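What follows is a set of structures for review.
Heads up, the next two complexes both have chain A, just with different partners, chain B and then chain C.
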Partner chain A sequence: MTGMVEKKGWGLWLTHVGLLAGIIIICYPLYIALIASTVTQADLVTPPMPLLPGGHFLENYRAALFSGMSTPVWKMMANSLVMALGITIGKISISLISAYAIVYFRFPLRSFFFWLIFLTLMLPVEVRIVPTYEVVAGMHLLNSYSGLILPLVASATATFLFRQLFMTIPDELVEAARVDGAGPIRFFFDILLPLSRTNIAALFVILFIYGWNQYLWPLLITTDPVMNTIVMGIKQMLPSGDQTVEWPVIMATAILAMVPPVAVVIGMRNLFVKGLIESEK
Partner chain B sequence: MARVSLTAVKKSYGKTVVIDDLTLAIEDGELIVIVGPSGCGKSTLLRMIAGLETITAGTVVIADRVVNNLEPRERDIAMVFQNYALYPHMTVFANMAYSLKIAGLDKGEIAKRIETTARLLELESFLKRKPRQLSGGQRQRVAMGRAIVRNPAVFLFDEPLSNLDARLRVQMRMEIKTLQRKLGATLLYVTHDQVEAMTLADRMVVMNNGIVEQVGTPLEVYHNPATTFVAGFIGSPPMNFLDLNNHNIVPVPVKASLVGIRPEHLRFCPLGTGLCDAEVAFFEELGAETLVHLRSQNGEKYILRLESATTPPALATSVGLTAADKYRFFFDNNGKRLKSEDAPPSP
Partner chain C sequence: MEKRVFFRNKWLPYLLVAPQIAVTLVFFFWPAGEAVYQSVFMPDPFGLKTRYVGLANFQFLFTDPYYRNSFATTALFSSLVTTISMSVALWLAVLADRVGKKAGRYTTLLIWPYAVAPAIAGVLWMFLFMPSIGVLARALGHFGYTWNHALNGGQAMFLVVIASAWKQISYNFLFFLAGLQSIPRSLIEAAAIDGASFTRRFWTIVFPLLSPTTFFLLVVNVVYAFFETFGVIHTITGGGPQQSTSILVYKVFSDGFVSQDLGSSAAQSVVLLLLVSGLTIIQFRFIERRVQY
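The block that comes next holds the complex of A and B.
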């Protein structure tokens, strides 16, 4: 890349050593978890702790995926996937529609509604968790996907993001579409949505990880183990009594829990980069 | 192809009147250029015809249909915007096809129309590209293509050339004119550039402060300006104005307060024998011609156009200035042109 200062000699080495040190510090716990998921419980608890992979990879992962502790991990992962996708798609759809309304339509109390949405920024799930629980319980949505997803769907942040994006779209483009005969619905689907594509992709990644990592809310409303999500499920795997802790299986579960978010990031990476290049409107 | 007529059209935002009582009839197949300084209401007028602005009062008729309350898409018009407003995510083909697709034409017909239009505008090799892969001139052409494929009753162009460089602008001007002739289309063209207006227009509408100052062919307007505004706005360099209170000029119409003379009609004469005396301030040498800037004792500034072959007087010398009687335009103190009939018979 032009314009960048190229470091030479010691500077270059120092930079690389620094970066490597950072990576090692971040990756070491992950490495330990990965190693722990490939050995037996007995090997793990006898010091020194093994630092090289053992031969029980398949065995541990099969145990985690298909039997788990109380619920098989594949079931919890499926629950997490439904919840994360539900939150992501719900949030993006609702934000797109509300930003569209706020930017392009004049209706009574428009700015009032805008500020109302703005206010919800100050009320994250954790703050309103008791009343939300009350409402969800009252609607008999405990232990259901709707109960997991719906309270987390409204998003002021995403609405703002789309509002800012829509405001950068030149008025002439809107007028050209009007002259071409596109009504509001057509304009939304034919012009606005394709132009928001890269922003939607970026939000998808962020919101998917947000949804996947939800801990407190699923913990509260899923009392039936069949509805447990993976992130809270890991915690549930730690027995409270005197039972032995099956660390290799738990570590295998932890590694499995990381796979989908990583996959989403890697899968959407190209759209990110494309979005940066294609910024011209 | 159609006629457009505006009757007593008015536009105001609250108490601010932008266009006041405007009446205009545009013939079938005419290229009308609406010209005026920025903020004179010319774009607003075009957008009212397009249906992008509401009409406060009066009626707009396109092709014998009152369109006041119709949506833009129902008015049978096509518009070309200053920044082209191409859909950035669509190919050139899709950009041109969009309105036809909405109108429900079948694919074969759409492809046929786009092919014809693309050939007309020499866009055939760009049909698969996205707008950002095109140069300014090509985008401009696509924007026109998008209008032409629809085969509308009226074309509306809103300063379509102002984002292009000077050379391309001249070229596109000619192309638009040729194209309009070929299609026989009614075209309304808004610009702030009086040269563009002069070269393009069948008739031009000179606007100022929301009011039509004059309507006429470019030469009519040039040779016979109705007001001081038109006289000063059309023609480059602008007309010289001499305040009659400061100069002893005869013969003069009764109510005249200003006399206007175009730079090419101003002549040098011996001191004290002409309309006024002035000092040579500086020269603009443009090659084919030289513009001589002069300043009179009371501070009035004049410009005189000379063929380059003629030797101008030296800098800082005082000269007399005069013009033939037929090149003197008289205006009253409201800026209205006084016709020669108003002039008293010369002694």
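The block that comes next holds the complex of A and C.
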């Protein structure tokens, strides 16, 4: 039986039309970018803009991937992948173990450390740009993967999430582990980690997108084009002033920059929604 | 909240928190301390030495018309982004909720922009509005309206607002949809039996019950507009024309890296630090209240 507030007939039809209109507005920029990445520069310059994909898909994507403008796009994508995975794995590992210490141990500086981690929420990289750059430059980490990854791997959100999760795990499991003679390290690997699997996966999806989409930080510290990530590298391709640029190649690059994170969201939709909603609790 | 059972070990817990604490101290607290420290110093005209100037950097900052303008720009930008992305998302979530279980098919097509980087969102929208080749810029031209966001400050603001709001719709949509689905069906059906129209049911029952979600999203969206839209602005306008899209975060960057005005940039960092702290406190106080529900 359907509830009596669900619409039927015209009302339902209008609801679907409304949703479709929303989808068209949301997807329009992507559609135009896709078209532009399959035509020639001449097709774009002379109006009207083509409404269907052209036949230059391979040519444009090959030009982007293997020559790009200053750095080939495959190289920038590889840099982005290293950075995104480094940030994701780094954040998850150090947050798992620090949440473990805070929940399962009593030690003098426990609440001090907890507050220290909490306060990082108030210090996003955008507000401490110049001094953080100076610290990283002083450590000779400019143009290195460590420089791209390390300053971004602290995570208050992930630590809270794991703390929350550990609090719901029954104490009997610790007692049972003790009876069996398992120490804290065995308990962590044999019991806690398997129990956290789904949460780790959901967080992985969110953090991978976060890592891949970093812009300001790589912009500051990768002065060598070979170390550019794709999300910031595309800025170097954009025209400054009246200079002419190959728009089909730029749009192909934009599409390539979107593919990995969008594929993750679509391919793991349920984990993504879980991760998104939980990491904001 | 405390665990009743715990492990006893003198050094292991320190070893476990060490990586997180090390990163936190080196890359968060040290630079933040540097910002506070630099904000009370000023380099001499030759750039050889710095001297203590107290709050002079802040005084300069708040008498600087460009900085005061940047505050106004940020306020306008973030309220537009928040209003547009939240209202479109709420509208779509209400429609999806009405469709019921079958809405799943639509959801994927509405949530993918979450995964698009702000800078890439900037490139997509800039391409649509390029004065020479952009589809929408040309369409506007047909109606006799000249579009050039590189010259017109209002148009530049419009463009960065649209690109930023577009990206945030998916996030708001998911949270609104979850909020709508948690409202008891019986409440809405009771009102329907009493003859309340859809619009009336929405404003008297649904919207008030959604208020925790709405308030939470309001804070998240303001934080997003303040701090995470740098990529959109840097790709589309570079803060221009005539600083008309230079929001606070953009100005810290351009004063610190482009103009190398370190004292001012540090003072701006401190101002932003206070803003984030305020927003974080609001967010957490609110979340604590939500737990009591």
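Quick note on the criterion: the second predicted complex is superposed on the first by the 254 of 281 C-alpha atoms of A that agree within 3 Å, B and C clash if a C-alpha of one lies under 4 Å from a C-alpha of the other, contacts with A are read in each partner's own complex, and residues count from 1 in each chain.
Methods note: a residue touches a chain if its C-beta (ideal position, glycine included) is under 8 Å from a C-beta of that chain, and two chains touch if they have at least 3 such contacts.
Nothing here was measured: the structure is a model prediction, and the numbers come from that model.
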Could you tell me whether chain B and chain C fit or clash when both sit on chain A in the superposition? fit
With chain A at the vertex, the Cα centres of chain B and chain C span an angle in degrees (to nearest 10) of 100
In the superposed model, does chain B or chain C contact more residues of chain A? C
Touch check for A:S98: first (chain B), second (chain C), both, or neither? second
Which superposed partner A:A78 touches (first chain B, second chain C, both, neither): neither
Contact-wise, after the overlay, does A:D190 reach chain B, chain C, both or neither (first, second, both, neither)? first
By the touch definition at the top of the document, which applies to A:M251: first (chain B), second (chain C), both, or neither? second
Answer with first, second, both or neither: which of chain B and chain C does A:L19 touch in the superposed model? second
After superposition on the shared chain, which partner residues are touched by A:E175: those of chain B (first), chain C (second), both, or neither? both
Chain B and chain C, minimum CA distance [Å, superposed model]: 8
Intersected contact list for chain A, partners chain B and chain C 175, 280-281
Within the complex, chain B is touched by chain A residues 170, 172-173, 175-182, 186, 190-191, 194-195, 197, 280-281
Name, in rising order, each residue of chain C that touches chain A in their complex. 1, 3-10, 12-14, 16-17, 19-21, 23-32, 34-35, 38, 88, 91-92, 95-96, 98-100, 103, 106-121, 123-128, 132-133, 135, 138, 166, 169-171, 174-175, 178, 185, 188-189, 192-193, 201, 216, 220, 227-228, 230-231, 234-235, 249, 252-253, 256-257, 262, 265-266, 269, 272-273, 276-277, 280, 287
What part of chain A is in contact with chain C in the complex they form? 2-7, 12, 15-16, 18-19, 22-23, 26-30, 32-33, 36, 44-45, 47, 49, 93-95, 97-98, 100-107, 109-110, 113, 116-117, 119-124, 126-136, 150-151, 153-155, 159, 166-167, 171, 174-175, 183-185, 187, 209, 212-213, 215-216, 219-220, 231-232, 234-235, 238, 247, 250-251, 254, 257-258, 261-262, 264-266, 269, 272-273, 276-277, 280-281
Give the list of chain B residues in touch with chain A in this complex. 50-52, 71-73, 77-79, 81-83, 85-90, 98-99, 102-103, 132, 146
